[in-house]
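Structure record follows, encoded as structure tokens.
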Amino acid sequence: MAKKIRYGMVGGSMQAFIGEVHRKAINFDPRVELVAGCFSTREALNKETGETYCLDPERVYADYREMAEKEAARDDGIDFVSIVTPNSTHYPVAKAFLEAGINVVCEKPLCFTVEQAEDLKATAETKGLLFGVTHGYTGYCMSRVMREMVAEGKIGKIVSVNAEYAQDWLLDELDPDNKAELNMAVWRTDPKMTGASNCVGDIGTHIENYVAFITGLKIKRLLATTNTYGKALDLNANIIVEYDNGANGAYWCSQVAAGHCNGLAMRIYGDKGSLEWAQETPDVVRYTPKNGAPQLIQRNTAAVTEKAGACARIPSGHPEGLYVAFANLYQNYVSALIAKRNGEDASQFIYPTVDEGIEGVKFVHAVVESAANNSKWVEM
Amino acid sequence: MAKKIRYGMVGGSMQAFIGEVHRKAINFDPRVELVAGCFSTREALNKETGETYCLDPERVYADYREMAEKEAARDDGIDFVSIVTPNSTHYPVAKAFLEAGINVVCEKPLCFTVEQAEDLKATAETKGLLFGVTHGYTGYCMSRVMREMVAEGKIGKIVSVNAEYAQDWLLDELDPDNKAELNMAVWRTDPKMTGASNCVGDIGTHIENYVAFITGLKIKRLLATTNTYGKALDLNANIIVEYDNGANGAYWCSQVAAGHCNGLAMRIYGDKGSLEWAQETPDVVRYTPKNGAPQLIQRNTAAVTEKAGACARIPSGHPEGLYVAFANLYQNYVSALIAKRNGEDASQFIYPTVDEGIEGVKFVHAVVESAANNSKWVEM
Amino acid sequence: MAKKIRYGMVGGSMQAFIGEVHRKAINFDPRVELVAGCFSTREALNKETGETYCLDPERVYADYREMAEKEAARDDGIDFVSIVTPNSTHYPVAKAFLEAGINVVCEKPLCFTVEQAEDLKATAETKGLLFGVTHGYTGYCMSRVMREMVAEGKIGKIVSVNAEYAQDWLLDELDPDNKAELNMAVWRTDPKMTGASNCVGDIGTHIENYVAFITGLKIKRLLATTNTYGKALDLNANIIVEYDNGANGAYWCSQVAAGHCNGLAMRIYGDKGSLEWAQETPDVVRYTPKNGAPQLIQRNTAAVTEKAGACARIPSGHPEGLYVAFANLYQNYVSALIAKRNGEDASQFIYPTVDEGIEGVKFVHAVVESAANNSKWVEM
Amino acid sequence: MAKKIRYGMVGGSMQAFIGEVHRKAINFDPRVELVAGCFSTREALNKETGETYCLDPERVYADYREMAEKEAARDDGIDFVSIVTPNSTHYPVAKAFLEAGINVVCEKPLCFTVEQAEDLKATAETKGLLFGVTHGYTGYCMSRVMREMVAEGKIGKIVSVNAEYAQDWLLDELDPDNKAELNMAVWRTDPKMTGASNCVGDIGTHIENYVAFITGLKIKRLLATTNTYGKALDLNANIIVEYDNGANGAYWCSQVAAGHCNGLAMRIYGDKGSLEWAQETPDVVRYTPKNGAPQLIQRNTAAVTEKAGACARIPSGHPEGLYVAFANLYQNYVSALIAKRNGEDASQFIYPTVDEGIEGVKFVHAVVESAANNSKWVEM
């Protein structure tokens, strides 16, 4: 049987949430195995995580730079690293692995400045490496289906977009009587840790990325209002974008919208029909052809177009969930790695790359700039 | 038994849609009777409509000015007139009846210019008359319930608003191959008939009015983009508003959004909870208290607050529909008329007045001005 | 203009719920006017109701028998009577008017025994009169559309039915600590007032009637369980039916199902597709063609078939509500009266007749018999 | 670190659907590893599957009996076997492993006869082994939450149940013109392969198991109709059950219900409230307290009760999906194995056991017996 693709992880200790999701998602692919890690700056936790996954103790590193160097030097070194650390460290960690010649998958947001982002891209290109960014929602099977439907012209030319990402987990920030130091008060007010934006950076970028993934539209310019409600960083934002085709889109993100958990939702309107989708029920798309009745298109049914529909893993009506979305991303990334290694065409495998990461960073900065300048238009 | 309230109608022939809704809605109130009309400029149709409603032929007028004068002169003249003519005629018709000393209920949009709107208000005040504007959606029972919930502080201080009105009936306008002269091509491109805006004027104003009715918030300033897609007037618009309390709201209206019929929908977020409502299912409100589960509050159930809940007419689970919304508006207006006649307090009866009409006209003009000036902020 | 159709009402005082719905619904039709009534056995209330509707005091009767006789004797007597009295009185009232030669519209359930029901039918036939029964839900526009879709073969041969009517307003009956005499405890335990069944008679019959209206299927036999929870009459029932085409259906009705208001819902499965509908959102039908995506078909959109779709009154997305459903029933009944008077074909006008009333009574008795006999099959 | 729990699999080649789900689900638990298998009777496929998972070729067995013997003989032999073979082989395979002293997890339906089922139970007890049956849907986090809510009395005494499992993937079976040999025509008509029932055995048992899991109610007796539509085995069934507390429930299962994918849905009504849940949107429960508004309770929110809520893995609003449901089942089973090995209390870990498997087999036989005897009541 074929040689396994070996990977390492930076961040993602047993106590972390998103690293565990990545690990389980990668695990869906029997072609891949975890062989190295630098899971935590806390020694005991780092060690424990390595043991849990039966890693060779020598390959459980205290320092990511050491990991990059030593893995690069091994014959059986990792093929790629998955970076799931706090946002502020994405850039140096990714840079270190790229320079060591190791392929990278990095959590979003990619980094804090456009310069950093473009530097990562240039480094990856110079080294001839594949750089993935885990905008996980694009991995849902129906995301692929919608992208294909738009490309096939099912909804015609896009004339309007309405998208949002609403949460309510920071509602307590609005309580003036709240004397307890909230989690956010500690680190979300420090731009060194959070970057130029809290809400837009954390979830607004998902809107930008998701709409771009589905529609292929480029944002030409945007204007925005952000709301801090007396805190240091934004908790809510409204953004109007203008795409290269002349249409407008309205984006709203909020962390203080009572009743929303992870409410990424998107509606795309074209001159021949529309598509509606919500992350919390990702297996179904509402498609309305012009002059027809709205249709509820479900993953893995006869109504799904063939090519993208192939990503479905289990029968329709059995929810696949977030793990599968991430598994699909990694599966594509790993397939691209293998294709590249074999000298085959890697472009057929779709995953968000460093380019999408750059767009995300630009988007955040444009929103911040507009909001700071009386909502003026900012070119992208 | 008490003397009936007599009313007349201008517009609303047998072939008109909205006049028929008004008539049936008014008919829900046994205190009121139709006794006069100027239903159409087409003589035969005017006459036929009068006969259908068994009116005295003398009180079926060919001209609204004649109607205003003659009704004002009769001992048994109409107590109020309901104006359901095309938008361009609202101002002169309303003005004529006010000057004749007759109370007025007028369809929205009230008129085309702020000057006209304020003139109507001044005339009504001078004459001591009640002026209602039929923003029908505020008549739904649950609209009253939500207004009361907000006023009671159920959702706390409002921090964000997201509202929209989406339709798709003008999608054919986007078809460049469409050689047939479309309805809109005929009269919606002529500002003399349509006013400064098509989409914002027709349905955007409903968003403005509805949010204001529920929340009591005033718009301090707004910015907007509008889309004409090569036609003379707007078919789609995105608007960001800033309220007097500092919060922002995002409004979207469209007549080219495939899959939407009369999709007025509103979500209000406060620091203690949220409310969501959609016109197409008006009997239920989604209310989420902070840290609680979303609740589906239905008209006429124990969960509804008592005062506003009293407007319910039939048991919960039996949809009341649009006619009842209009019936509730007229019922309040007629109750106010009777209270005023009897020297009692008329302010307890809630219906949209000429003030709301003025706000609507201002809103449209602000949107048009912002869109024409690179989306700059426009003060209200 | 044409002579108006005159009607009178028995029951339906100002304090009654359903009589008011009937009156407002009939009022949608300008061809009809209310001219007589026997609204209440309470003299003052009867008189007040007559005054409210400006009736000639001579035509406000204390006794329905007197009303039948005197109206029959007048040249301008009523063309039909609408009977909205308590169930126990339907039979004698309807009988009296039929014998006086007056057409009848009667609330459901038609009466208590099959003999009574068939006697009413025979009397109507002998006298040559039209007898309508107000199964109001069949009046919804989409009910007509579904009936047409089934008749056209859109879902093929029916293979399974699942229908229900769930309410929760009698939940307090289950509380053993409830010492207060509940409404139901007073009159719903007395078969003289309620008939052989409470829940099945009141709402189970709606299921039977609605499914028959949409599908045209006849019930060949049925079996049932009923639940009284220690009370005299049923509060919940499960029924399995076998249709004449060999398929089965499952019906469930309950008045103790927490969270349901007027939850009549129906799902019809055929070998070429299915239809789903719920009374609380009556303007939309979920139609799934075999191998296709579910479609949400909305009243008055292009997706609606033409003939039945013509019943829509207002634009799609504006809910018509229960009043309109009743208005549609009465409109058809009145059109049939007029057609008959003019010697034209009355059969094109669809409304539930005494035949449907008979089926309802038979259905209730079959359920009661099966439940009393260890759920044995009972032939219809 | 602790010794891993080793498992083997019978069935579940690379080409099988459900085996892959099991493997990925077990993989969520880093305490467990796959070390042996007998994946297919086709040698090449068996070998390929073993290689994919990097198994020692000696532990990829051509025969399950050989596997049971050899694994039992090894010091590092498997701790449990997961059986995911066709239904007809569950009994002999499970029996072989039990007799070899190896713990068993078996897919449902457990086996074909009550005698077989009870034999498996007796064997497991004699050998002191843990026997799990993968009724996967009970593994959803909200299934645990609902079970806890019922146990806590949140909905009071249960008075009515309505549950169903509807699919449409066998609709083509109804087509008389379908000359092609359908999949089902081949093996679903052969009771040797399918057992006494097709639809009830395959999906009806999920209803029975799920309701029992949530409510704790025992079925005292049941009656049923089944529909074969001219085929050898049932494609649709309606069942009325009577529970030990006197309440009734209605169950419906179908494989010919257009528009349904894996529509397991359950509604439980008590005298203090109700619960509604559907498998296709498993993260949310509709809970209606008596006299309150319906609440939408979502996994991992503050509204979820604490103990059962702990099973949530990722933040609310991120769908966990079917893999996680199975992962939860296996996690509990493995925790029980470890607890047992350590002499600790294993009963705190909840997973469906051989007892639930027995109930399922009894249920199928009772339905078949009732349907064959004119829907008579059959005691359980």
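The letters A, B, C and D name the chains in turn, as written, and every chain counts its residues from 1.
The rule is short, and it goes like this: a contact is a pair of C-beta atoms (placed from the backbone, for glycine too) under 8 Å apart; a residue touches a chain by one contact, two chains touch by 3 or more.
Values in this document were obtained by computation on a predicted structure and should not be read as measured data.
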Neighbouring chains shared between chain B and chain C, ordered by label: A, D
Which of these, B-C, A-B or A-C, makes the same contacts as C-D in over half of the contact pairs? A-B
Could you give the separation in Å between the centres of chain A and chain B, each centre being the mean of its C-alpha atoms? 43
With chain centres taken as the means of their Cα atoms, state the distance from chain B to chain D in Å. 55
Rounded Å distance, chain A centre to chain D centre (Cα mean): 34
Multi-partner residues of chain D (at least 2 other chains): 291, 294, 298, 301
Interface with chain C, chain B side, in the complex: residues 1, 4, 17, 20-21, 24, 27-28, 30, 48, 51-54, 167, 260-263, 279-283, 298, 301, 313-324
Chain A residues within the chain B interface of the complex: 155, 157, 159-160, 162, 164, 168, 171, 174-175, 223, 225, 227, 229, 236, 238, 240, 242, 247-250, 252, 254, 256-259, 267, 269-274, 276, 286, 288-291, 294, 374-375, 377
Contact residues on chain D for chain B in the complex? 287, 291-298, 301-303
